[in-house]
Amino acid sequence: MGIFKKIFTPLDALKHLGQKPHTIRVPYVKKEPAKRYRGIHVNDWDKCIGCGNCARICTCQAIEMIPIDSIKVEEGKTNLRPQVDYGRCSFCGQCVDVCPTGSLKLSTEYLMTSTNKDDYIFIPPKDRDSGEGTGWESSTETSMLRFDREEMPERNPDERKLDFEPVLLGFSEQQAYLESMRCLGCGLCVDGCPTHMFIPEYIQKIRDAEYNGAVDEFFKNNPLPQICGTVCTHNCEDNCVYSRRGNPIQIRYLKGFAAEKVDNYGDVIKVDPDNKIDKKVAVIGAGPAGLTLAFYLRKYGVQVKIFESTPNAEGMMRYGIPRYRLSEKTLKKETDFILSTGAEIQYSTEIGKDIPLKNLLDEYDAVFIGVGFQQGIPMGVPGEDAIGVLQAADFLRDVAMGKKVEIGNKAIIVGGGDVAMDASRTALRLGAKSVIMYRRRWVDMPAHEEEKLEAKDEGVEIMPQTLPTEIVKDENGKVKSVKYVKTKMVDQGEGKRPKPVPIEDEIYEMECSAVIQAIGQNPDYSLFPDDIKEKLQFDKRGKRIIVDDYGETLIPGLFAGGDCVNNRGDIVGAIADARKAARGAQRGRGRASP
Amino acid sequence: MGLFKFSRSRSLWMMHFCTGCGAIEMPPTMTSRYDMERFGIIPMATPRQSDLLLVTGYLTVKTLKRVVRSYEQMAEPKYVIAFGSCTMRGGMYWDSYNTVKELDLYIPVDIYINGCMPRPEAIIDAFIKLRDMIDKGEANAWKNYRDNLDWYKQNQAKVFDINKWSAKI
Amino acid sequence: MRYFEYFVGPQHVGVTGNMSYHLWADGDEIKKMITSVGYLHRGFEKLMEYREWVKNVPMVPRICVPEPDVNEVLYAMGVEELSGLVPSERAQYIRVLVLEMARLSAFLFYFAGAAGALGLYTIPQWTIGDRDYILDRFEELTGGRAYHIYTTPGGVRRDLPDGFKSRVQETMNYLKKRLIDYDRLMFENAIIVKRTKGIGIIEKDYAMNMGVTGPNLRASGIKADVRKDDHYLVYDKLDFDVPVVGDGDIFSRIMQRRLEFDESIKIIEQVLEMMPDGGFIEKLPNPIEWKVPAGDVYVKLESSKGEFGYYIVSNGEEKPYRIHVRGPSYTHGIQVAQEKIVGMRIADVAPFLFSLDVCPPDIER
Amino acid sequence: MAIIIKILEYILIAFGVAILGLIYGGIGRKITARIQNRYGPPFYQNILDVLKLFGKRNEASHGVMFDLGPVIALTGILTSLMFLPLGSSTPLISFEGDIFVLFYLLVVSPLGMALGAGEGANPNATIGIARGLTMMLGYELVLFVSIIPLMIHYDTASFYKLVQMQGTFPNWNFFPFFLSAFAGLIALQGMMGLQPFDVVVAPHEIASGPMVEYSGRFLGLLQLWHAIAVIVETGIIADAFLGNGGAGWFILKTFSLFMIVIMVAAIFPRFRIGQAVKFYWKYPLIIGLLGFLVLFIWR
Amino acid sequence: MSLDVEESIKQDIDLRLKDIAKCEIQRERRLKLYTGKDRVIPVLGFLKSYGFIHLAAISCVDWLDDGEFEIVYNLWSYRDKAGILVKTRISRENPEIDTAIPIYEIAETYEREIHEMFGVNFPGNPNLTSLFLEDWNGPPPMRKDFDTRKYAAEKYGMRDLTEQLKIGMDKIKGVRDGDEIL
């Protein structure tokens, strides 16, 4: 019976004769591919930044970067767009997974038949895109890239606000390794750096723990790596491809980390202090610009003499930036190295007062002015003459110099820039309560985001959209309170910054013991005699000296750099200017080479 | 003649020769889910009986010899469909020492299908395209092969020792 | 005496892929066979030495076309072991899911091949049609039908889509229903039994000595399964049997797969139930320039064809120094087939080779 | 004159039978497809295939015999068509003993194939021919054994008479001689070369056997041969066991038989050649011999 | 995770193959064994009799800098559920090592492949014919000094885009002015 059954069980299959087949009648019926299907590429040209990571990951070398003339090149963006060769592509989607912007994706379309194989090479446009959520696309979570950064360890806000010790604890080696490993080496960051540091190269060296090599890379265009590695305004990070969708690589801290690992730059950077050629350059101001210039000129044996008005070098780096951000040790290490290259320095000598500028111009082959902005701008409200109304620049300088500054128990800081943050946090460390008043919104504050957050963490009260209208004096002429109004933002049309307009209806008053004004600084050009000042050319607002590509002013042999030339107001800008000027002197412009 | 053309385009017997990994999507195309027999396309066991050669992906030198030989055995008119990236410019194996990169140097190709692997839908799409081309009289790669035989043989000889090879057959 | 010479393949229906045999027959009886492989040799091992670690991820699945995920998982496992990366629990469960689904689809392919070799052309139409439903699930999960390129060192590339588990369960239910049909048409078919029983016997000791692994070895009567012996991923937490048929002939090899099919469905259902929440990938520090510490490692797993192994050597650079792939068909596809086919009839050549599940791409790489 | 009309009529019939056979084949493919859960080709697909084959350029020839093989095969089947009563209509040639001639002619076609394919020198073809001839030993015997009781019963060796004497439903031979009919059906399966007896073409084993070297027009001729053979072979069984009737009935009967054959083919794998012949010499032969018993009991 | 089985295997191996092989435990179920070129066959013989019946693979690693080939025999014991890698080094100049066929019959194919891919000679193997390649006229392709990209470019005329990629990436990297300009 068993065998009989076995012969007839297959007959069971005949039941399918009456069933509807499960065939999909392609092409009359279309079967939608899965949402994640990896089909033909699409690329959003606007979002794409042309970083070329897709081309680098492609195991088939199917992607080439093609320059497209119609695309404008911006900072952090190139006009290269990926061109895909489907005669090579294997549709793995790894290019999508390394696309930092998420512009590249694989659509669900896959039909492409042609008699000509050259049809299969093209630059993916956007128009084939079937919309969000279809096709193979990468989010920050699914991307191969790690959009989360290694958080820089900081001291606890409650603890750190009590003293002037550095807030940042620095990366551990593992952290630095992981953070540097994130770098894809695309090099778009370089455009953002005013001095065009060799960022991918040094990050590569840091990854391999070759700190000496990294320092060597730094000094190619920045002689203050550790200072920059701590307090730089890090424009490079804004250009980092990771910043498009996540946290950029902390290029700044990586640099600081590597610089800190090398105790003595002299081991790596060989500059002979006794090598002196017959050229002399005077540098006014031992700030970042002055020091940079001194280093690069010394590297080529030029004799350099720096004139500094205060008893210490470093300029604004010492007096503008509080010690909890930039430690004494760091400052000393960098300046000592630069001075060890054979640059002479004369402290406490103010040009214009102690020595006339004319003398220098006569005596030296070239003179470089890197004086920076020293004078604070007053707010222009009633009661500004009260005791206890300070300029942030003066306040910070005095604190840095160790002078006793009396601010009482509550300080109101007016302004929203980095200086305001520094002033408020310094005031906090002096034992006062700090309040920041700023007339625009939180997002409009020019200070860096992390600065704002750090200040907030430490307990600084930040009042955006607040405009002081009057400073009230008590009977001793001391500050008693500040009267202020709230503002509202008025749209100024497309492309313009909204303008704060005071709401006059309600006037508030806040008690305080000091008011620190941090709404900007102006240069002090008193060192220029009138005849020289006439020959110089200034910008429209009369603040900045116009120089040419080599940092030279209209007066031959007179170079300028730093805050008095650029409007960046940061260290790395000064360094860039100084390098320009150094190059100018080297190229033989001005009187340096008659 | 029109009737012959019509029947030619609707009765494509393809050679059952799985040359590369593209062969993995052929069974689904041939079987119940996509069922290409609807278009009169069925696999044939021998090149003599086939009209259509599917080069399903990369060809190693060793396979190329057999493919060329099989192709030459096919009765004219005959058609070639090339699957996926590997047949166009090497695909994934662009730097392999043992696979040929550009198929059309060695045998003429009527249609290329995009994909790695092409989906069954794409394969059917190509079949329909080919059908239309035959109807219009455009699928003439086989004539091309006959006319430019020397060129093709030259290219083939570059890859394998043609004298040694023909001595074998 | 001169034998009748007979060539099979590479252009032939009766080969299990792009390979060929040279047969010498005396009448209908095979006297000698030489397997010729190399039609698919792409030099993967060489190509992988030229590519960075991550760039090999799209490369490896091409090694075994019917069951590509095995390669991805193995490669990922090897690299992870060298580098100390540990994928999350969820990723491991997903990998098991993918592996077992791939096993099912490979078995369906196998049934199709075996039935086709015996001339039962309805079974290929059914099984490969039904395999397509598994491919649909794969497509949903991985974005690709044939090549999934889903597992990558550190985990898997995407999380499960919404409602995926229930759809996999539906597919499994469908397959379970269809298995009854297969049983009636194929596994209980009297002619199949008659054609395959007692033919092409591979003895127990011989199989073991010749390095035959996987279902073929178990069909010969040895209970050895890499999933149990060298437990990888989360297989030790799953409850499944290792069936052993034991006769070593063609029929027992087919039945062996049939029984393991049930076990795989069981595993998939357990995985769906037990899958924990959590991350699906530990991202690599850098996708392109990542360096793997120097060392060497042999990882292996149980594919539908047997033991698949990767011997990976790193010298601490961005690229692998050497990767040796041990394809399961290597042993039974060349030497075992050559030796065991002697004395068989011409008609049994195709069923024998299909029953061994010889997959040329994994022999040749 | 009458002979010319007869010849014209015959040509017409042959043409019609060929078309019918091709359509049967097409429908058969569709039915198989349905069992396999799919739609299958259009029913006229086989006609297109043949047309296409005739439109192809012939590539290689392996000699005169190679070219003549398909012609002999087609001629053989066309001649056997002359002896086959299509339902109740008179065949072109009919005489006492034509059954033997018909059976003899059925062998001519495979022999023609054998001659042609043998010249092709392809080992696949050679094996295929060997198998085909061996296979014939199996099913021809069974077919004979299943028809002989009828011949004895009606005491005639003329096919036409046998059909005529059988009468219409329910006087079909099928009912009394069901054992013989069953044996005949099994033989039909083998004659048609379908599973489980498709050892001759067996793609997985010997590519497509004898046809392996044929292409173009010759393959077209072979396809036509196949198409006509479908009608002739099912026609023999239909005529012998399923009574007489008009052309319509004939078509219906042959079609039904063809469908049965196709369905069986869809659900069985193929035997090994030895097994197939052994099978024929065992079960269907025994069943056929038992059919003789019916003869004695019934009489 | 205890390593009892592995330890006992190691002890046994150390005891029996004290002078000719060095054994170490890699991890759970994985051991490594280093031995000299001449000792391989006896070592394999012992290991097979010890229970390592399954020869999973024979690999070859080309240590170009050392001028050596490393032959790795990959064994597995069904009884102990442990694998062992037997490693030996042979010189690259005259690569030759005795065949393992007397012990593992399956070694024939593995050795055939290594012979083809690395040019290693296995005296005693009767079937060292080509396995994968046909009409190959280049050097053994898996050797480190064989450049597949160059070979493919020459033979098949396929261009290598590595250079283009480099140029493209340099274009992306934008302005660079190091102090060399100074």
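A few remarks follow.
So that you can tell them apart, the chains are marked A, B, C, D and E in the order they are listed, and the count of residues begins at 1 in each.
The rule we apply is simple: contacts are C-beta pairs under 8 Å (C-beta built on N, C-alpha and C of every residue); 3 or more make two chains touch, one makes a residue touch a chain.
Keep in mind that what you see is a predicted model, and the values were worked out from it rather than measured.
Each step here moves to a touching chain, and the least such steps from subunit B to subunit E number 1. Remark: the per-chain Cα centre closest to the mean position of all protein Cα atoms belongs to C. In terms of the distance between Cα centroids, subunit A is separated most widely from D. Counting C-beta pairs in contact, the pair that comes out ahead of the other among C-D and A-D is C-D.
Remark: subunit B and subunit C have CA centroids separated by 28 Å (rounded to whole angstrom).
Rounded to a whole number, the gap between the C-alpha centres of subunit A and subunit C is 53 angstrom. For the pair subunit D and subunit E, the distance between C-alpha centroids works out to 61 Å.
Subunit B and subunit D have Cα centroids lying 36 Å from one another. Under the contact definition stated at the top, the residues of subunit B that touch 2 or more other chains are 16, 31-35, 38, 45-46, 62, 89-90, 92, 94-99, 102, 116, 119. Residue positions of subunit D with contacts to 2 or more other chains are 33, 35-39, 124, 203, 207, 266-268.
Of all residues in subunit E, those that touch two or more other chains are 132-134, 141, 146, 148-149, 160. For subunit C in complex with subunit B, the touching residues are 10-13, 17-18, 38-43, 46-47, 50, 58-59, 62, 65-66, 109, 112, 124-126, 128-129, 131-132, 135, 145-147, 361. Against subunit C, in their complex, subunit B makes its touches with residues 15-21, 23-25, 27-28, 30-34, 43, 45-47, 58, 60, 62-63, 66, 70, 92-93, 95-99, 116-117, 119. Across the interface of their complex, subunit A is touched by residues 32-35, 38, 85, 88-92, 94, 102, 104, 109-116, 118-122, 124-126, 128-129, 133, 138 of subunit B.
Within the complex, the subunit B residues that touch subunit D are 3-8, 10-11, 13, 16, 31-33, 35, 37-40, 42, 44-46, 48-49, 51, 73-77. By the touch criterion given at the top, residues 132-135, 138, 141, 146, 148-149, 151-152, 155-158, 160 of subunit E touch subunit B in their complex.
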